[in-house]
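What follows is a set of structures for review.
Common to both upcoming complexes is chain A, partnered first by chain B, then by chain C.
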Partner chain A sequence: METLTTFAQLVAGGLLTGLVFALVALGLTLVYGVMDVVNFAHGEFLMLAMYAALGLGLLGIDLFAGLPLVAAALFLFGIVVYRVFVRRLLAGPPEATVFGTFGLLVLLQGTAQALFSSDYFSAPNRPLQGTVHLGPIALEQSALAEGFGALVLTGLVYAFVEYTESGRAMRAVAEDRIAATLMGINVQRINALAFGIGSACVGAAGALLMLSYPVYPTVGAQFALTAFVVVALGGFGSIEGALIAALLVGLLEVLGGFYLSPELKMVPVYLAYLAVVLLRPQGLLGRR
Partner chain B sequence: MPNVSTRLCLATALAFAVAPSAATRAADPPADIVIGSILPLTGPSAQTGAGLKAAQELAADLVNGHVSYPLPAVGQNGIPGLGHARIKLVFADSQGKPDQARAAAEELITQDHAVALIGAYISSTTATASQVAERYGIPFLNPDSSAPSLTQRGLKWFFRATPNDATFAQNFYDFLADLKTTKKIAIHKVAVVNEDGLFGTGSGDAEESIGKSSGYDIVARIPYPATTTEVNAEVEKIKSAAPDVLMMSSYLPDALLFMRGLKDQAVAVQSIFGQDAGFIDPGFIRTEGDDAEGVFTREVFSLDIKQRNKSVPLIDQLFRARFGGKPLDGNTARDFTGVLVLADALDRAHSTDPASIRAALIKTNIPGNRTLMPWKSIHFDPSGQNDGGVGIIEQIQNGKYETVWPFDVAVKAVVWPMPAWKH
Partner chain C sequence: MSARPHLIALATIVALGLLYAFGSKNAVALDLVFTLFLYATLGQSWNWISGYAGNISFGHAIFFGCGAYAAALCTNAGLSPWLAVPGGALVAAGLALVTGFPTLALRGHYFSIATIAVGALVDTYVRTQGWLGSANGFELPIKNGFAWLQFSNKGPYVALALALFALVQLATIALERSRLGYYLRALRANHAAAASVGIDERRSKLLAFAACATFAALAGVLYAQYTLFVDPPSTLALSISIDIALIGVVGGIGTLWGPLAGASVYVLLAKAVALRLGGSGRGYDLVIYGAIICLIAAWRPHGIVGSIIDALRRRRGALEAA
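Coming up: the complex of A and B.
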């Protein structure tokens, strides 16, 4: 009974962890799916969003009221970064986007360090710090909120891509850029929109993460590495693939941590990743 | 206006031009003694580095000055044993990187002709910089790095004034032993939890081995990756091991994750002992609030030491005046002390020959109450480790860190066990 309870607790914790990973990975997979760009500065966008949420918190705006503001700010930031920077990278050789976005990572991290120091900051008066008990299982309210946010955001982005005019245009661009241009789709506009929405997602993720996590200049790296694994595992560009992969990663990490050793908890995750890359290089739900 | 400032400039220039010649007339002043200091002046630890630099400069100025304090080597207008020569610190930036620290040491020795080196805060940079000093046969005084391995390398020219993480682990068990005799609190089961980097592994290993040899039951040893974003499995492991005391070596984000997890899972421990780092970060109390009550952490320094050495608040004031009002802390107090240790050795060496300085360092014996630190003494064992080092243990009481051990510098009584989690 005792071991069964522990197992149930671990599974619940793993699924919630997975949803947090899905939340962070969503923007990354969207940008990749539309324009074939892996944004290496994705984690730093998350970091900026967390600082923005912290700033609003210090002004007395709580995290939930601040969430749409942070998402909107990151949307604009994403569009500007696309128009000023990424657009030019796309005109160059394929590796230009890799080095370019990596450079952006270094720049954003350094700037944050200079402006905010390397100290850790948690949002003031964080809501939802209690515990929810489901029988013998205890869950953090903040993790539940983050998980719920992940599901809602994934649903919204999925619906947008599947059912709206712009979403259809995005899928067309993802499938065949030249054909889409010939059909009268403004590829630059669609790319900017995708980059903006991807950034807005990471903005919402950052605001939600402030429920349970402190912000510091290198916080992005903690989450971004797992996000890259999730996106590759789920299939680059697949929204539902990222969600399923994130849940799998969360479960493997937590169960691996308990039944192997916490030190080795990422081992099952990377083994699963290797297996998928070898046997199904396009990822679990990837196309091609 | 330009006229005034021009005149001022001229006057200043004149004063500088005249001053040395006036001195020369009296007697040739001995040349300044160059001490090379390697610190992280840029990069992620730049802020800490700036504080350490200010603390070292303050110490050098007090050595070169005439005001005396109950501290070694200060207030004698320089180094008496060397004709009152002044010490001069030359700083080089490690950027917090081992390879840069190596280059900095090389430069200080070959270009600046430093007779001794001090630094370098981050353990991995201290490791490389001290290898260079060893190669050139220049004494290296390390006031502030706590990785136990640094003094296990068999170096001849390396001296560490600060206690290391093994000492701090020993202090936890000394504290538990003291609690047993004074308060009849008997602890048997200890769980050791640590991040798996150099810092966590070093202190976790020491906590585990010292615990075992002192007769405690180490019911769990849980190393975890420092960069983790969740600690579900770790908390379940702690819960099933049911320890009396939890010893943790964590940075702030992971320390916060553990505190949340332990509370959610209602893991009942009598107390949590944190090894500095995340548990001493200002963000810890700020974030945890009431949940932090009763948590112990070791520190290397506290302003409470004024009980033992009355210069502590005075040096603190001088430091604040130089460093934007920020108080003296464990890192800056140790770097301040490090410069005095070198000055004391130079005085006794009566020479700037590196071998003589080394010989004097080996004979160092400064009583603890003549320092800002809680130490018993400063005396180097054959490995170069100060064997008189002690940490202090603080407990969070009413939202503040209060010194509770060693009992001779304690300002508050121990609260045991820590309060139950409030849901």
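Coming up: the complex of A and C.
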């Protein structure tokens, strides 16, 4: 009974973590789907968002009021990065996008370290620090808020991509760039929009994560690595796939961390990535 | 193109380097020269699989680590670290074959992310193994003499790093003119077309991967005997793999002299940053590297040496047209 309760507790925690992974991975898979770019600096965008949320917190703006501000700021940041930088990478050889976004990762991490040092900072006066009891399961309020917040935002982005004119244009570009151009879609505009929305996803995720995580210059790495795995597992470019894969990865990480040991928690995740790309390279729900 | 100019250039570099190694008493400068040739060796090793073969790896440090750990284990067991030269090389080549067999067929970012995963798994494995020093690593006992690959001054280390660089550079000159070299470049340019003329992708890439893992392991042995300290963050971590890849990219991937150019930029910057801004702990070095990589990726995607080659080709083309 004891072990069963523990297991249920872990599953609940894993699923809530997975929902946050889904929001982070959504940004990555959206950009990949539209322009075939794996943004290696995705985790660093998340890190920037967390510092932004921290800064707003220090100004007295609480995390929930700050969330839309941070998401909007990251949206603009994403558009600028696309217009100034990523667009040029796309014109170069295929490996340029890998190096270029990797360079961006190094640049952003270094900048954060130079500006804010390597210290860990937590948001001041974090709300929702209690626990909620659901029968025998105790859940942190912050984890619940993060999970459900991420779920709602993921749903919003999904609805945007599925049901709006711009979303349709995005899917058209993802499917066939040349045909989309011939239909009068401005591919550069759609690419910039996708990059902006992808960045806004981590913007919102970063604000949510400040409910329970501290921020430091390399905080993005663990989330980004997990997001790569999630996106590969779900199938590069697939939104539904990313959501399912994120829940799976959340479970794997939490269960692995508990039953193996905390420092081994990423091992099942990496093994899952290798197994998927080797055995089913298109991912669970990927095209091709 | 004939190999002669390259051989003359290499001989000149080795001769000047040896003169400096045994003529200079400046320990700081010698340390820089040692680091330069060690990194150039690692960059060239990476260049085989990521430049010539086109599989961009972010996990190359694990092969470097094989050599470093082999040297540490040997020296601590009272054995000569020279045993780690074949030992570490064999382990590295074996690791390259085992991890390369399934992953080398992956393309683009699928391969790159797989190398991050493999690197992290190796790093995690070492951290959990007591006989490998766990997360704390090893200090190597201080010995002296050629048999222990330890010297009281830096000159011999610089000479050994030069020798290793020369060896790898000669191997690369040979690779560029060999059947394997042509196969790799053909696979990189168009794997389907290469396969259709009968090039065995897996076999060619595995050969290159095992060979370059061996070079990285040799660099690892030398590194361990030089610093006398080996732990996961300094030999196996993702950040080391990234440094190696950056050297290759900045210099120009798939070019013979790119890694040396990339390592020069890297070492000079590291030094300049440490001198001007006081230590590398504040991240200024990362800001500058990151900015350079961004600029190169967006405006000069063929790197320093690649851009020079492009410019020379254009000039030659213009001359011939005139």
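Keep this in mind: the second predicted complex is superposed on the first by the 282 of 288 C-alpha atoms of A that agree within 3 Å, B and C clash if a C-alpha of one lies under 4 Å from a C-alpha of the other, contacts with A are read in each partner's own complex, and residues count from 1 in each chain.
Definition applied: a contact is a pair of C-beta atoms (placed from the backbone, for glycine too) under 8 Å apart; a residue touches a chain by one contact, two chains touch by 3 or more.
Predicted, not measured: the structure shown is a model, and the values here were computed from it.
K.L.:
After lining up the shared chain so the two structures overlap, which partner does A:M266 touch, if you call chain B first and chain C second: first, second, both or neither?
P.N.:
Once the two structures are laid over each other on A, A:M266 reaches both partners.
K.L.:
Who does A:F195 touch here: chain B (first), chain C (second), both, or neither?
P.N.:
A:F195 sits against neither chain B nor chain C.
K.L.:
Of the two partner chains, chain B (first) and chain C (second), which one does A:F77 touch, if any: first, second, both, or neither?
P.N.:
Touch status of A:F77: no partner.
K.L.:
Of the partners chain B and chain C, which touch A:V254 in the superposed model: first, second, both, neither?
P.N.:
So A:V254 only meets chain B here.
K.L.:
Between chain B (first) and chain C (second), which does A:Q113 come into contact with in this model arrangement: first, second, both, or neither?
P.N.:
both
K.L.:
So, does A:F102 touch the first partner chain B, the second partner chain C, both, or neither?
P.N.:
Second partner only, chain C.
K.L.:
In the overlay, answer first, second, both or neither for which of chain B and chain C A:Y51 touches.
P.N.:
In the superposition, A:Y51 touches no partner, neither chain B nor chain C.
K.L.:
Shared contact residues on chain A, chain B side and chain C side combined as an intersection?
P.N.:
Common to the two interfaces on chain A: residues 113, 117-118, 217, 221, 225, 263, 266.
K.L.:
Could you please specify the touching residues of chain A with respect to chain B in the complex?
P.N.:
6, 9-10, 13-14, 17, 20, 113, 117-122, 130-131, 138-140, 212-214, 216-219, 221-223, 225-226, 250, 253-258, 261-263, 265-266
K.L.:
Please output the residues of chain C touching chain A within their complex, sorted ascending.
P.N.:
Listed in rising order, the residues are 54, 56, 58, 102-103, 106, 108-110, 112-114, 116-118, 120-121, 124, 127-128, 238, 242, 245-246, 249, 253, 281-294, 296-299, 301-302.
K.L.:
Can you list the residues on chain A that touch chain C in the complex?
P.N.:
Residues in contact with chain C: 38, 85, 88-89, 92-100, 102-114, 117-118, 217, 221, 225, 228-229, 232, 263-264, 266-267, 270-271, 273-274, 277-278, 281.
K.L.:
So in the complex, the part of chain B that touches chain A is made up of which residues?
P.N.:
Residues of chain B touching chain A: 44-45, 47, 196, 222-225, 227-234, 236-237, 240, 252-253, 256, 260, 263-266, 281-283, 286-287, 423.
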